[in-house]
Every structure is written in C-alpha cells, then in structure tokens.
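Both complexes below contain subunit A, partnered by subunit B and then by subunit C.
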Partner chain A sequence: MSMILNMENDYQRFQKIIKGKIKENLRKYISNGEMIGRKGKDLVSIPLPQVDIPKFRFGNNGQGGVGQGEGEPGTPLGPGEGEEGAGQAGNEPGQHIREVELTLEELAEILGEELELPNIEPKGKKEIVATKDRYSGISRVGPESLRHFKRTFREALKRQVISGQFDIDKPKIVPIRDDFRYRSWKTITHPESNAVIIYMMDVSGSMWDEQKEIVRLETFWIDTWLRYQYKGLVTRYIIHDAQAQEVDRETFFTVRENGGTVISSAYELCNQIIESDYSPEEWNIYAFHFSDGDNWSREDNKHCAELLQSEILPKVNLFGYGQVDSTYGSGEFIDFLDEHLGDQENLILSYIPDKDAIYDSIKDFLGKGK
Partner chain B sequence: MSAGKILLEKMQQEKSRLVEATQKDKFKFVQHQEDDLNFQVKFKDVDRYGIVLDYIAVSRGEPILDVDEINRRLSQQAEKVQKQITYLLEDFRLIELDRMNKRAQLRSYPPYEKENSKFFYEIVLDEGTRIHFQRYQYSREHKRYEKITSQLTLEIFERLVDDLASILK
Partner chain C sequence: MVVTQEDILAIQPEIEEYAREYGLDFFPVIFELVDYDTMNRLAAYGGFPVRYPHWRFGMEYDQLSKGYRYGLQKIYEMVINTNPCYAYLQEANGLVDQKLVMAHVYAHCDFFKNNFYFSHTNRKMIDEMANHAARIRRYMDLYGVDTVENFIDTCLSLENLIDYHSPYIKRRSNQNGKPQPASQRPVVKKLRSKKYMEKYINPPEFIEMQIKEYEKKMKTQKKYPPSPERDVLLFLMENAPLENWQYDVLGIIREEAYYFAPQAMTKIMNEGWATYWHSTIMTEKALHPSEVIDYAEHHSGTVANHPGRLNPYRIGVMLFKDIEDRWNKGKFGKDYEECDDLREKKNWDKKLGLGRQKIFEVRKLYNDVTFIDTFLTEDFCREHKLFSFAYNRETKRYEIESREFKKIKQRLLQSLTNLGQPVILVMDANYGNRGELYLKHQFESVELDLGYATDTLQNLFTIWKRPVHIETVLEEKGTILTFDGQDFKKQTIED
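After this line comes the complex of A and B, so read on.
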C-alpha cells in the first residue's frame, strides 16, 4: 500500500515539474506550432528536452568476480578496452527529445494560470439541458448482453442458502431464471452551458501560408481554453475572399484563394449562421475573424462596422478581430474598427504582426473573461 | 514617336510652365490621347536624366461587357505584366485576382525592406480596360500604407509607358 502511495507521490511530483517546465516555456510553445504535436482528440504531446528521467546505467566496474563457462584462468571478464582508430558512423537514430503527454484540460489549466486568464461566466438566461444514459439500476428482465453476473450469482447464493440447498463443503451455485439480474439504465438530465465558436479567415491572395500558420496557432489555443470552459463546444468555420463560404476545419487551414477581400461577406454569413442555428438566449457565442486588414474599400469597412454594431455584437459574448501582417504590411481595417467601435465592450481587437505576438494576442482575446 | 516620348515632352513643357517657386514642388499632371488609349501621368519633377513619378494610368475607351471576357483578359494582362515588366529591380507577382469586382492586383515581390518600412510597386488592372502604376511604402511604426514617388530614368519611364499600353491592347 505504502509503495503505491510513494509511486503516486512521485508521479504527482513529476507532473508538477513538467507543468513548471511548460509554464516556463509557454511563450515558446504558443508561438511554435511544431512544438505541439496534437495527439488525438483529447491529448497533446509536448517535447520537453530539459527533463531528464533518472535511470540505471551499467558501468564498467565489474572487473573481478566469479565467472563460469569457457575461458582460461586469467582471461579478463567483461568488455575489453576499445581499440583506437576511426570507427564507422552509426546507422541508428539519435536520442529523441522526450515527449510528455498532457490532456487538453491540463494544457488549458496551464494556459489559464500562466496568462492569468479569468474563468468565463457563461451568459444566457436559459441553460441547455443535456441528457445522458447511465447504467446505474438493476432489473429482473433485460437482454442477455446486459446480464449482471455478480448480482445473478448473489441472488442464486441467497436462494440456495435460504432453501438449505447450499452445501458449504461442496459449494456449487446454479442460478435459475428467477435469479437472473440485468443492468438497466436511467436517463439523467443535467444543465450544461453550450457554446459555439465561429472562426472566420480571410483567404484572399494576400494571405499567404505564414499568415495562416499564425491563425492556426491562435485558434488552437483559443479552442483549448474555451473547450476547458464549456462542456459542449461547437466550432464553425468560414473562409472569405470577395465571397464567403462555410467550410470544414481542414479546408479552413489549407485552402488558398487569390480573390480580393470583401470582409462584410464573412460577417453577413456569420450573422446568418447565428440567426439560423444559435439563439443568443441559449448559446454562448464567440466569433473570431483573422485578416491582413486590406479590405476592398472604405465603403465595405463601413458596412462591416454597421453589421457588427447592429447585428453581431448584440448576439455574441465576444467578437475578436485579429489582424496579421501580410508580406506587404497590414491594412487599415483594425484602425477603422477601433475608431468606430472601439468603445464596444465585447469587441476585442488584436494586432498580431508575427508568431511571437500570439501569446499577447491570446491574452487580449481571452483576458476579459467573457 | 512613342507615347512615352510624347509624354516626356509634355512633362518638360509643363515643368517649364510652372516655374514659379511656389509651384515648383507641387505635383504636375499631363495626359495624352492616342488611338483609343488615354494616358495620364502625375509627377513631381523631370530633368535630363530622370523623373520623379507619382503614378501612370492608362485606359481604353470602350468598356468590355462580357464578364467572362473581362476575367479572361485580366488573367492574360496579369501574365503579361509579370513577363514584361522586369526592369524595375523588383519583379511583379499576382496577389489578387478578384473576379467578382473584375480587378487584378499585382505587387513587386519581395518588397524592398529598409529600416522600419517596406517598399513595393503596385499595378492594378481594372475591368480589362484600365491599368494603374504606383509605388507604396508601408511603415511598421504607423501601420499604414502610403503612396510614394518612384524615381525612374527617362529610358525606363518611356519603356514602362509603352509596356503598360501594349498590355492593354
């Protein structure tokens, strides 16, 4: 028992060390996508070159001792001294960086602690009721696949003991039909705050791979944090150049168009999606838009500001606009929004000139606890 | 005489007309009509060696009505710009081909970076009948694009005007 406790203590200590290391290097992990190799749906693996796990190594100390087998008296035991000279290059892979697996929840905890992110207070008058089936009951009837062996055995034992059929010297339990017990389920309802994130990205000709990588990293961390805060999180993806369309996650990050930029097309589609699928009364709605800010015209900038003010902002918990730098610089859209809607509480503007700025940008977006 | 040469003569004349000190540093504007092409040049100065240019705009009289034809031409014109205009130290690359708004945007790549700024040429093709040449500066400090002048030799200017015209034809 005490051994198990010791192992548990060691494991907890190891986890603490890892968390500390990740926290120390969080800025680097956030800005470097390769560092986070996503592993399945719920786990991430993080390479930690700094952590050395103690291990036993065999040395060359065993010079003496008793040997057996072939050999003459006086033959040295153990490996002989290596000969000098040029050896051949090895063909085995070198030592790999140690990867540590963390759940997304643990990662979100670290992110929250390090960036001092406040927990989100879900809005909405009504909470969504989620239902779940739990096998918590026992019944006398049911399918054979759900037969509860232990309970059936117990019932048979009870019956045999009461009826005097049980022989302690020759214990043999034979259940009859009446002893059979089956697992049965109950439908449990519990309230759950649901949330939807609508990601929008400008994929016009001026948004190159470098800009999309910034968006990919930023959305990974936003996703991680919001999934930690909400049980049921739905994500929708919109891409736009001069026209907007809804796409799946993979297309969102890989597609490249060379069209112009009409930002309002994305805002219109975003508003349509909210209106048709997510009532603001019942859902916590988040919308994030990423662009290089080079919009087609000032008229469209105005149209975007109108759409945001009258349609989108009243419905969402948070609207985040992140402006990245294209190869040629950054457009005026962020300044336009700041000038016209800068006083809106649930609109957050963040300028992300390069990967190093992602850390602060996440803090901008999620630091208000909306 | 080529359109480029005619425009240079007109620019010299315009410069001599505006000799007063107050108007010396102002932008000047000349235009020229040749067949169905209209040339417009805004410039700051011109001398025996070169020109300080703001922009060149060339347009064709008749609009193209068929949308598919416009987009086909835009692609062809963008291709020509990339192949022909290779003498400005920075080559052009198609950035956006906006079929909806019938517009193509080409910029020189990579942009020239100096101190805290990026510099690049931009050519915008509109509806297959208009072409516009301008140089820009993006300042990281002010996070803003600004139109700036280009310094071109007379020879390069002439060649550029003639190439822009031939791309539209």
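After this line comes the complex of A and C, so read on.
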C-alpha cells in the first residue's frame, strides 16, 4: 500500500487556527504576564483556551472512575491522575487549556500583523558587514596546532586495515604524512544591522509593584519585536532614583529604592553609554524610559529636555517615554515633554495607566517603523 | 540492530504459524515497517493513509510528535480493522519487540474478525476512507475550503450523538442501515402482491386515503419523532434543512463514527486479548532464551500499573487469565457461587480444562460493558487492588472513594456505558409548535460540561437552523439550555 499521508496541509491549517486564536486573544496576552514566565530561550509557551471540538460530554467534577493500587478511602490521587483514571476513549475531561509553543519569531510576526506594526527600516544606508571565522571543514594541509587527532587516527587506521598492516593482536596505528588531517576555516561575511535598547526605569519609592509589572510587560513585547527586526540585539538597563546606575536585567526588575527622583541622572548615564559604546553611525539605538512622571524639580525637567534635544534624540532611532500612573505624585513629566519636545519626530510619549493600556502603548511605541 | 522489512517477512511465517496453532483466526496480515514520523501521521489519521482534509488531524499529529520528541510516548504498532489487515510496525523496535508486536497484531486481527461488535464494520474501509476524502475534496473545490471545513467542525461536534447499538438491533423498520432523505421516504407501506392482484390488494383509493390521513396526522401531530431517537445524526440527516453536499458530509462523519465505535466499545477486551496472546505465544513458543530480558522489559512496560490509573492492557489481560483459570478449575456455576467455605472455594478445582474454550467464546460475544459486568468478581478486585475514586468537592481533589466491590463495578460500568458519554435523545422536532429541536440528556449522576454544552448547542443550531434546546440536570435541578441563534438561555424546570 502506498503511503499518501498528506499531513502537511492539515498541520498547516491547525497552525493557522492556533495563530488565529492567539491573534484574537492578543490583547489579553499582552496585558497578562503569564506568558513571560513560560519563555524559554527561543520558545514561548502560550496557554490557549479550547482549540478542540466541543461535544456534549460530562463535566469534570463529580466524574469518578476506577484505579488500581495502594491506599485507603480518602487517600488523594496525585495531580492529573483522576483525569485519566476512567481509562476510556472519549472520556477525557479537563483539557480545556492547551499549551501551544511558538517561536519568539512567530510571536513577533503575530504581534506585527495584529498591531499593524511597520517593519523597521534600519538607520543609515551604510551596511555594517560582520565577518566571522568558522571552523567548518577538514583539509589535508595546515598548521600542526590545528591537527585533527581523531580524523588523522581514523585515516591511518583505515589505511592500515586496507593495506593489511593492521594486526588486531597488536593494534598499533602509525600515521604517515598522507593521513594527517587539519581543521580548516571559512570566513563568513554577512551584513548585519546592530541594535541596542537602553531601558531606563524610575525605581524611586513611588513606583509600586503594579507599575513595575507594566514595565516588565512593555519591555518583553518591545524586546520581542525589535529582536525580530534586528538579528543582533543588545539590551542595557539603567535604574534611577536621585542617582542613576547601570544594572543587569534581573536587578532592573527587582530592585527597589526609596529616594527621590532625578530623571536627568538617567538621561546623562544613557548618553554616556551611547557615547562610549554605540556610535550612532553603526548602531540602531533605542531608548525607553519608564517613570511615574514625578520628577524632583522643574529645573531638572528643563535639564532633561535639553539633554534629550541636544544629545540623545539626534543619536537614537527612537526615544520612548512611558508614564505609568503615579501613586501620589503629580505625574507632570509627560505633559512637560509634550509641551517642549512634542514636535520631535523620534520622541514618543505614551501614558500607561493600567495593564489594559499596554496594548495601545506598544502600538504607540513601535507603530512608527523607526 | 536494525530490523529490516526482509527480517519481518522472514519471521512472519513463524509467528503466524504459532498463532494458528493456538486457534487464532485472522484475516491475512500485511506488515509494514514505518519510521516514527510516518507512524505518528498514521496514528493521527486513525491508522488510515488517506483521510479527508481537516485540521484536527494536524492537531493530533502535533501532539503525537511532541509526545515522541519529549520521550513521553512511542507507538510500537498500529493495526487497522480491514481485510486484509494492515499492521504498521515502528522500525526502531528491536527484533524481540517486533516479534512480540507481531504476535500482538495477530490477536488484534483475530479479535476484529471474530468479535460480534465488529461484524457490521466495513472491511474495505481503506477504500471507503479514500472515497470520503475524494468527495470532501470535491466539495472543497466547489464551495471553498473554509466553508466545508467549518461544516465538518460542526458535524464532528455532534459525532458522538449516535446510537452505538443500532447496527445490531433493528429499531426502525425502514432503516436498512442507510438513512433516506425526507422527501424519498415512502409514506404508505404497500402489501406484497402479484401484479394482477395489485389493485385489489392495494386499492389506489385506499392508498390515496392513507396518504391523506398520514399527511393530516403529520400536520396535527404535535410530537415528532413519535418516540425518542437516539441516533441524533441520523435524525438530523433526515429532517434538518441541509444542502446536498452537507447531507453527504454529515453522512460521511456518521459512517466513520460508526466504523470506529466498536474499537472504543471493546478497548479493554481487545487490548487484553492481544496482550494475553503475545505473552502466551512469546513465552511458550517464539522466545529464544537470549531474548528473555528484552521481552520482559517490553511486556512489563505494556502491562505496567500506573498508580491511580487503570491500564486497559493490564485489566483486560488479567481478566482473561482469571476467566481461563476459573473455567479450567470449574470455579463457576451454582455449586461454586453457593459455597460458603472460603478454603474450599480457594482450592476449588474440578479439572474441567474449559479455560481456553471459554475465553475464545468470550472474545466472540462480549464487549467491555458486558465483559466487566459478567466477569469482574469480588475476588478479582481484592486481588488486583482495584478501588473506585471520585472528586471530592470539599477538598477539591480526586480521592480514593471505596474498595467495595459493588462500588468499583458500578463506577467502572458507568465509565464504559455509552463509551463514557452522556446519552442524548431527540425528543421533539417541533417543540412549542415552532419547529424547534428539543433534546434530552438522560441524566444518570454526572452533569454535562456546561461550557462544552453551550458550544455544541451552537453547532446544533447551525444544522437545525431553528432554536435548539437540551434538557439536562444542573446543580441537581432540571434545566433547559437553549440557543436561539443569538443568545444562550438557561432555564430551570419547575416541578
């Protein structure tokens, strides 16, 4: 019997349905951190409600069955055991939620389609070409330091076996010139557009966990999108209260300070990082700042505006400022920026009062195709 | 060691011969070696190389592939109920695995051929499935892939609403196995007559009168169908306003549901039977001394007892062995049942040697429900540590409920009756004299899953095109769930 098994179509249609479901629910996923916890290196696992075909069937509770093993009446069964306990086809309660795995790339694609995000045109016509040496081949000549012992041994063994010099009782392998093998490399060049994101967050006493959660979600989606657009993406993290310092990702989301808020300290540090590490000609630079907008003084507001206008904005592709709801402050910074720098094309301001606003905020930040 | 197709062909006659010697009676078996990916595809398609296009096959394939990749499951073999019988063997199986699996396959095939519940299945189902696929592809060309696939979704949502026993009982006189569209149904039954006697035996005026009367009755009759219908799909085919292609698609889904039903109805027995025979053939005949360890490992995996779960392979084979033992020793009948002396009962042995004969008879006549009902004994439950479990609403977890024989048997039968699915009947196709469809869930003790029920009602509406209702019990109160095309309504029945 010839195997036909035209599974590809069915599989693709299933994938399409899943993606459709994710799209449908994207707003929920975006404002819901659940997914981030399930992120692996390249995959996210997404809990998807019911993709199966509904049927009249028994509900979960009240359903019992028969099992086998030790235990007294009242002994609890392990998690999930009861579900399959009845052991009969067509009787599988409790699978309303299905885990679907997507690559981050696919997720970004869906995000892009649903939010209608334009693809980013990398800055500068000049292409940055990266070269890399890859040890991918084997050759017969080369420096001794690159000699491939195993291959050499194998060649010698082969030759000795074929020519009858190999004695199984006295297995002695002596390579001759012809047997030597060396690792060889190829130089691979590929055009690369590098990008860096500098995240800044206000960690002063007035930023609560809820606000930080919003920032965490925002950064996840921004990361996902920009990583999809740029192959080499670097992220840097700055926290600030009255002073700014660079931290790692872990610290960025967990640390908590009690001091006041001097926003310019973060902008200065951000500028320094750009100056020293990322020349604007070679890098696509993104900076995002999240705060509750409760700056120390009006003077500092002005200082920030100057820094942005003369130093940062000319260097970056995009500067995003996201303002979360202030617990007890005035939250005036966003208005101040709007008033003074509202006409700057690569400055985007977004007000994010709650988790539901994240969806639109992402659209604000990334919708310009910068 | 890689086992090739040639190796399989070489050992096949040996295993087949053993199986025959033991009295197994099977269709010719064709073995095919397949890699794990092909096996997963086949399994997703229910064992058939060609099925109609539908996304759920892709979903099952996805699940199976993931299960395989994470090392959670591996399918050793797959065998389909056809004549000749096709059996697929996983090519990564070792030689001992292959021998075992082949013995297993012969027993499955014997079961397909001889068990009563398979007697009405189409043994040329490979062709029929391919035929279905071709028809559905043609409809997709004509009406669009999405339209047809969506309609299939709707039909599949109702595919379990069939009468699992109808192939074996004549419930309606005009049924003839195949449904007939409403318009072609003969209204008046004529008596048989020779041609020249026709107008005397079936006078045209009388026939005319009958038709008129019938039509009048149909018009005034409030209740249709006259008695509750269990084959909801058939009822829909005959009475719902369907396009021709929809009628055909619904028929295809129904036919395939009936084809697969006996496998679900005999899972415990079928697996038990196959396991019984692979262990018998292997240990008594086919196993070389050097292969014992490999065999033991595979076999113990097959019959492993996962705590808290019932392994159909295990319970089935244990029961068959128990039956064989009881009939060998004569542990049945009035004398045995009425014996009060436990020691005497334990040592009971009349040396009848009827065991083999009995299990062959059992595999011919029983299904899982009758099998458990007849042969599950108190001693067996005790010996094999069976328990019943239930969901405890207070602690919100599944707990061992009881070790009492009666309770265990009741739970087990409950999970097997109607394949562990709710029994649903068509009560009235003209509910409220408005052409609305009224179904009834025959409530036993377990409630319907409300979320699924509402979604299914919507699908039912898609087919019936008038409001649909289902009567059931929710939170211990009689309830009618209604979907009228837009809104969903839940209404408690007042006594």
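Methods note: the second predicted complex is superposed on the first by the 262 of 370 C-alpha atoms of A that agree within 3 Å, B and C clash if a C-alpha of one lies under 4 Å from a C-alpha of the other, contacts with A are read in each partner's own complex, and residues count from 1 in each chain.
Quick note on the criterion: a contact is a pair of C-beta atoms (placed from the backbone, for glycine too) under 8 Å apart; a residue touches a chain by one contact, two chains touch by 3 or more.
Since we're looking at a predicted model, the values are computed, not measured.
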Between subunit B and subunit C, more extensive residue contact with subunit A: C
Partner chain(s) touched by A:D10 [first = subunit B, second = subunit C, both, neither]: second
Touched partner set for A:F56, first subunit B, second subunit C, both or neither: second
Touched partner set for A:G259, first subunit B, second subunit C, both or neither: first
First, second, both or neither for A:W296, with subunit B first and subunit C second: first
Common interface residues of subunit A - those touching subunit B in one complex and subunit C in the other: none
Touching residues (chain side subunit C, partner subunit A) in the complex: 30, 32, 34, 38, 41-42, 44-45, 49-50, 53-59, 61-62, 86, 126, 149, 153, 156-161, 263-264, 267-268, 305, 307-312, 314-315, 384-391, 393, 395, 397-403, 408, 411-412, 414-416, 419-422, 424, 441, 445-453, 455-456, 459, 470
Touching residues (chain side subunit A, partner subunit B) in the complex: 204-206, 241-243, 258-262, 296, 327-332, 334-335, 351, 353
Touch list for subunit B against partner subunit A, complex: 94-101, 103, 105, 107, 109-111, 118, 120, 136, 138, 140, 143-145
In the complex with subunit C, residue positions of subunit A that touch it: 1-7, 9-17, 50-78, 81-91, 93, 96
